[in-house]
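Next up: some structures, all given as structure tokens.
Across the two complexes that follow, chain A remains constant while its partner is chain B and subsequently chain C.
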Partner chain A sequence: MPKPLLTARYRVVVRDAQGRIKYIEEAPSKSFILNFLYLWWLNFNLNTTDTISVVDSSGNQTTTTLTEPCGWWGWANSQTTQVGNPYAGIQVGSGTSSPSASSPYLESLILNGTSPGQLSYAFNDVTSPSVSSNPSTIQITQTLTNNSGGSVTVGEIGLATGLENYSTNTYYAALIIHDVLSSAISLPYGGTITVTYTLQVNT
Partner chain B sequence: MSITPVKITKRRRNKELEPGIYGYITFKVIDHGKVVLKRKRQMHSLTAMWFIYLWYGYFNPSPQATLTGYSPNTFNVTSITFSNNADAFWLIASSPYVGIVVGTGQQTKNPLDFTLASPVTPSSTGLSYGTLSMSSPTVSGNTSTLSMSRTFTNMTSSPITLTEAAIIVYVNVESATSPIGDAALAYDYISPSITLSEGQNLTITYQIQVTM
Partner chain C sequence: MGIHLSALVLVKDRNGKIVKRRKLRLHSATYQFAQFMYEMFTAQVSPSIQYSPITIQGMAVYTQAPSAQALTPSAGGVLYLVPISSTFGANGTAAQVMNPIIGLGNGTLTFSPSIAQLAGPILIYSAYSSSELTPNLTEASPPGAYANNPSISYASFYFSPAIFQNNTSSTVTVSELGWYAALYLTNPVTSFNTLMTHDNISPSISIAAGGTLTVTFTVELE
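Moving on to the complex of A and B:
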């Protein structure tokens, strides 16, 4: 049986407003998507112009055409400057449909905020890569708080990378992993949901 | 307000292949137009470059680190230092020193090794490196595939035995106007070794597959 070079796992922990753990789900990530290979392709650029589906800094689903290798960088910065960014890093959504390889977006992304149906995104906390042993791992964690005044349903999660189109100096986010939870979670007002992706390279 | 009671879910899958990223290498030797060897095997070989790429490129928390790689467009071993705003890595097809390269040595696989044991220098009178070719990703059902290949030709009258292969990428940082070095993204043994006689071609194809 072939062994994957690279795998991902996710862990979701739900807490109520008092901080008590109410639900944990941990599973292998099912769904690296086509965008992941497109980003490799665009970084392996052979002087080829190509287009990739992304989200812009206003949250619009769009495409950007790259004429040179794109930078995967800073927009998913792990520190405080990126608090409240729902696009790059870990995303959560309310959709429940199965991901498809060619679909570059969550079904229904939950935006950052305190309005009904929104969640407050913290920063993407990234561990320094562990590469001294096999397998090598890296973790990305995001904790979202429900300050919306009501419950918010979470059915899907994903991981997106920030990228820069150098020719226009414009930043975008591109989804690379998309998973649907075993069942939708109703996150109560004041509660939190912590999503962790662990990426693992098997040398 | 009611919420879901505590439970720990371990999801299991029954599909043949675990979801993830898979890699395959195909070796094909051609002698006077005839295929004399064809072998396909699995890659086991991503280096930590992928993580360094994520860590320094994607998440960019402005750390610093040094790795051992090559000076750009050579096989001269050197130190490469990442600093603030390191970003993408990439290949350029016109350089034989990046993309798929081969060697005559072998070393214990280590995710922190970014060079070959004994790379073969490209030469029009030695081992000739063809142009790297790549195809854009394709999707078929639950599998997406990205491929790259290069053909090597023995231009000498003596046999050349190849025992290792790698994918070398340029390393770039935003503050530099050109790559600051080259380093291996993947390293694999050619085992059993492949010996090219005079005039024989070896085509190596790497396939990176995403399986859902």
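Moving on to the complex of A and C:
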């Protein structure tokens, strides 16, 4: 079987409140989901009545009809959503069920905040590909801090990209990759979890 | 695990008889593909993240075969992946037809991620000059939510010139296959296609005079 055109890996690093590494998990991503194909398909379509499942900028799960010129763009790094956005870029959740290609959301997304069960999302750091490298890779990294006062369980991670309805200037996030960790992680109060997705474009 | 892209090529003679059928695995992604993926997560209006010195090898094709052109987005420029018709006009217009999703060539190329064009691009169709292959537009179909093998079939894409007719009086040889994506840049305002994959076809495929070549792209989740 030839190499896929596009593959992904994830790396999870857990640190305690003192910054000591307590756990590392690195593995190939198993689950690009159907949303990714819908976004790809978008390039070849217009005036379709088909919809894609997304999250709006308020965090509501909804659908949007791809009837307007739309595109993938950097909702993850736009100025208003650089920090504290649990929807764009790296997502983490507490669910442990196996991902389904047709399921467009994490099982149980952990929201941004300092309340029990919440984590503080930071900036999505994205590395650019190099024209001279073969294969080319892109890394998206997010470090979340547990300021909730207690431990928080992380069982699933995901990667979401942005989607814009160009004519209405409405922005959405669409999950494209969803992975379940080998076992749920209990992140202690004051600790951090750093999640990195590496997308590799193969030749 | 990952994303696979393949192409089914079907050659028929002038009488509609199938003379060749081959499935090709497309596995040579260009730097543009990586750049395109990068844009998914970073393209934004803030000048704090600069595009420069990133250079996208774009192409603008209306009356000529695909050619590489350097395009350097300016600060603040947002790059969109767009429906090809919104970039190049309504279905069936010359501009749209001339910006192919599927690129065919008669050359051979030693692959490098930095390539931005086919070695010997074949002029697909032009209202303004002689043509070698004439496309036929076909209908679109959405991705299917199949249990373990979701896929999109490009065969039925609305704006893909998936069927190519040889209206010349001689055989046309195809030895290269490329996939292009339609993009739109806000600064400077530019609509263009860019080469995402390139693969040599060996042995090459011959389309006899009056014959047709059907190319079906399929994207699959593995």
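Definition applied: the second predicted complex is superposed on the first by the 194 of 203 C-alpha atoms of A that agree within 3 Å, B and C clash if a C-alpha of one lies under 4 Å from a C-alpha of the other, contacts with A are read in each partner's own complex, and residues count from 1 in each chain.
Just so we're on the same page, a residue touches a chain if its C-beta (ideal position, glycine included) is under 8 Å from a C-beta of that chain, and two chains touch if they have at least 3 such contacts.
If you're wondering where the values come from, they're calculated on a predicted model, not measured in any experiment.
Mind checking the superposed model to see whether chain B and chain C fit together on chain A or clash?
Once chain A is superposed (C-alpha atoms), there is a clash between chain B and chain C.
So, does A:182 touch the first partner chain B, the second partner chain C, both, or neither?
A:182 contacts chain B only, not chain C.
Would you check which partner chain A:191 touches, where first means chain B only, second means chain C only, and both and neither mean what they say?
Only chain B; A:191 stays clear of chain C.
Look at A:124 in the shared chain and tell me whether it touches chain B only, chain C only, both, or neither; answer first, second, both or neither.
In the superposed model, A:124 contacts both chain B and chain C.
Go through the superposed model and pick first if A:28 touches only chain B, second if only chain C, both, or neither.
So A:28 meets both chain B and chain C here.
Report for A:202: first if it touches chain B alone, second if chain C alone, otherwise both or neither.
A:202 sits against chain B and chain C alike.
Both chain B and chain C contact which residues of chain A?
2-8, 28-34, 36-38, 40-41, 43-46, 48, 50, 69-74, 76-79, 101-102, 124, 126, 128-129, 131-132, 134, 136, 138, 140, 161-162, 164, 199, 201-203
Give the list of chain B residues in touch with chain A in this complex.
Against chain A, chain B makes touches at 1-11, 13, 16-23, 42-48, 50-55, 57-61, 63, 85-93, 109-112, 132, 134, 136-137, 139, 141-146, 148, 169, 172, 174, 208, 210-212.
So in the complex, which bits of chain C are touching chain A?
Contact set of chain C toward chain A: 1-5, 25-31, 33-35, 37-46, 48-49, 54, 78-86, 101, 111-114, 140, 142-143, 145, 147-148, 150-152, 154, 157-160, 181-182, 184, 197, 219, 221-222.
Would you pull the chain A residues touching chain B in the complex into a rising list?
1-8, 14, 16, 21-34, 36-38, 40-41, 43-48, 50, 69-74, 76-79, 99-102, 124, 126, 128-129, 131-132, 134, 136, 138, 140, 151, 161-162, 164, 182-183, 185-189, 191, 199, 201-203
Mind pulling up the chain A residues that touch chain C in the complex?
So the residues of chain A touching chain C come out as 2-8, 28-34, 36-46, 48, 50, 69-79, 89, 101-102, 124, 126, 128-129, 131-138, 140, 161-162, 164, 166, 199, 201-203.
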